[in-house]
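Please find the structures below.
The same chain A turns up in both complexes below, where it pairs with chain B and then with chain C.
The block that comes next holds the complex of A and B.
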């Protein structure tokens, strides 16, 4: 279980997140908020890239930074801006990242993942010729390399076409039974059908961490998109 | 019912918390040392992959160093001002490969935007940076040996061993400062240090170069040997701390 306990994150005088309490067990968690609400800040904290100013993040009761590489061993992370070397092919890049993730004999795993994200045909092509969507799919594949117990995906569907988004949703749903999948998005349809819980922030505070149905019922909304508009309508416009 | 069995004294909440803490502490992984990270990463990545994405940076740095050496050798041969202070000039320019390679590699990783991703891997950007820094030092050391040999052959007044020790001292002093700066700037070798290095030594060079050269010439080989050893030890300790602190160093509040 991944626990966010009384977490506040400040950047100078700016409070990005205030007194957040969350618990993640296996399943898909969708972080749904407008840009600038603190989704990426939370994800970076869960990926040990930044630390809370106050509070702590625990995995099975232990601070994630104390777990150090043991935590990163079970972590898959796709940053919002996925970086890559343009002169590398997906296979070369995934082999490089496999070594940094300490994965033994990764070739078969890389083949499977490139198949899963429909990049098998271009696996030896240099990534400088790839579209944004193809790069994003390489990013998704690398996040899954170590078969992570905790998968953190920051706006994973950015740049994907509708067909790929459907394919991505199915992939995530199939993975979510025995692991924690946390994905951030501001596209409601990305998570509506697959998220066990939807996490919403407002004014940098936690507003909801409930199932889509519960949120809709509480707000009297017909669907999650309506609920989102009720909460963030003015901000989103 | 046997009441004695039901009256078994149970641990208090404090005792339970203490036991849990003890189990967790014993179960936590020990921090990896520099040597173990270097060995494991070199084994996993292979020498080629250690420089993945930044191989061109290492080559540019190497080219810069070779050109720099020939320019200096030309000045030396033409009996220009540098001939009056060869030790000082050597001390100033020795870390050229090391600083260029580190800064170019950090710049390229920044441009490619891979640092966040690498920081979330088991072997992180900090581990990789430390390994690359160690290897860049090694390459710089290998470049210093023929340079010192050529200079000592070119001039009877210059001692090979002293040239070598002056160069090594300079390299390790610079490297130790670089490692020190890593703690302040998360994991990026900073551009500030080379600017300060060349500015300070350049000012010394233009203002009191002869005095500085005399000072360096008068120092014994033993002094340089000690200087080299001390700075090398500080450098290794700093890199080791950097590797052991792991994730803690990346997060900046």
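The block that comes next holds the complex of A and C.
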């Protein structure tokens, strides 16, 4: 279990997140909020890239910073702006990341993942020639390299065409049974059918952490998109 | 294994190779110019004075570029989030610093070797290396070279190379906190360059206050500008023999402290 306990994050005088309490067990958790709500900040804290100003993040009762490499060993992270080295091919990049993730003999795993994201044909081509969608698929592959128990994906479908998004959704659904998957998105359809819980923030505070049906019932919305507009409608106008 | 990847990133950096090539070419021209215009007496001043200093500053600038590149390249390429969230990601910065020191040492060896090979191939110094320095100088005061032990030119030259290398590594070590905490490599380079220029200005322009001048002269930059008085007691008019050697050792320890403290503080900070 991954627990976010009374977490606040401030950057100088700006409060990005205030007193957040969340629990993640297994399944898909969708973070659905407008830009600037704090989704990426939360994800970076879960990925140990930044530290809470107050509160703590626990994995099975132990703070994740104390767990250090033992926690990051089971973590897979796809950031919002996935960077890469232009002169590297997908195979080279994944081999480098395998070394960083301390994966022994990663060749077979790399082949399987590139096949899963439909990049086998271009696995030795330099990534500077790739489209945005292809880069994103490399990003998804690297997040799965170490078969993580906690998978954190920040806007994973950005740049993917509809066919790739459906394929991605199916991949995530197949992976979610025995792991925690936390993904943020602006595209409601990405999570509506697969998310066990939807997390919504408003004014940098937690508003909901409930199933899509519960949120819709509470707000009297026909679907999750309507629920989003009810909560954030004035902000987005 | 990861160290190998970091070294590979550096070896693929075209700027480094261009810098080395241009530097050696420039030094070759300087070597020809030295030898065409001066006699024996001035040769030593150039050899251990301005030419040695030129090489030192070239290596220092290059090693600073290497340090800033290797510590900043993840932020520049946008790969920081992926790398630092990996299992061994937090160890990465130590490996990067090790790679910077190793690459800096290799760059030092390459620049110095080829520059001096060119210099010595043009001018034949055989038969001179074993001569005692005091005899070669003739008028020691002309160079400010006062030695407390009569060493040979070869010993003085090797000692000078060793001191230059150590001072180069000290400079990288002292620049490490700047490289760690200023995420923009260009701003970090500008800051360090500004500090170097300020220090040189203080050394050159402010000798009026004796104590201040002496303090400034004991910085690593002050040491290198006084490289003719290494292993001597006369350069700073102080009675202790080997004073410059002692303060070089002090700055080596200070540099190590800077690196270790920088790493410790860095580990507690937001990474991106």
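Methods note: the second predicted complex is superposed on the first by the 237 of 237 C-alpha atoms of A that agree within 3 Å, B and C clash if a C-alpha of one lies under 4 Å from a C-alpha of the other, contacts with A are read in each partner's own complex, and residues count from 1 in each chain.
Assume a contact is a pair of C-beta atoms (placed from the backbone, for glycine too) under 8 Å apart; a residue touches a chain by one contact, two chains touch by 3 or more.
Nothing here was measured: the structure is a model prediction, and the numbers come from that model.
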Open item on the list: Let's test your reading of the overlay: on chain A, do chain B and chain C clash or fit side by side?
Closed with: clash
Open item on the list: Between chain B and chain C, whom does A:53 touch in the aligned arrangement: first, second, both, or neither?
Closed with: first
Open item on the list: By the touch definition at the top of the document, which applies to A:77: first (chain B), second (chain C), both, or neither?
Closed with: both
Open item on the list: Looking at A:66, would you say it contacts chain B, chain C, both, or neither? Reply first, second, both or neither.
Closed with: first
- [ ] Tell me which of chain B and chain C touches more residues of chain A.
- [x] B
- [ ] Pick one for A:85: touches chain B only (first), chain C only (second), both, or neither.
- [x] both
- [ ] Examine A:99 and indicate which partner it touches, taking first as chain B and second as chain C; both and neither are also allowed.
- [x] both
Open item on the list: Quick check for you: in the superposed arrangement, does A:127 touch first (chain B), second (chain C), both or neither?
Closed with: neither
- [ ] Across the two complexes, find the residues of chain A that touch chain B and also touch chain C.
- [x] 44, 47-51, 68-69, 72-73, 75, 77, 79, 81-86, 96-97, 99-102, 142, 146
Open item on the list: For the complex, give me every residue of chain A touching chain B.
Closed with: 9-10, 44, 47-51, 53, 61-62, 65-70, 72-73, 75, 77, 79, 81-86, 88, 95-97, 99-102, 142, 146
Task: chain A contact footprint on chain C (complex, rising order) - done: 1-2, 5, 12, 74, 77-90, 92, 268, 270-272
Task: Residues of chain A that touch chain C when the two form their complex - done: 44, 47-51, 68-69, 72-73, 75, 77-79, 81-87, 96-97, 99-102, 139, 142, 146
- [ ] Give every residue of chain B touching chain A within the complex, in rising order.
- [x] 20, 24, 28-29, 31-32, 40-41, 44-46, 49, 52-53, 109, 112-124, 128, 246-248, 250-253
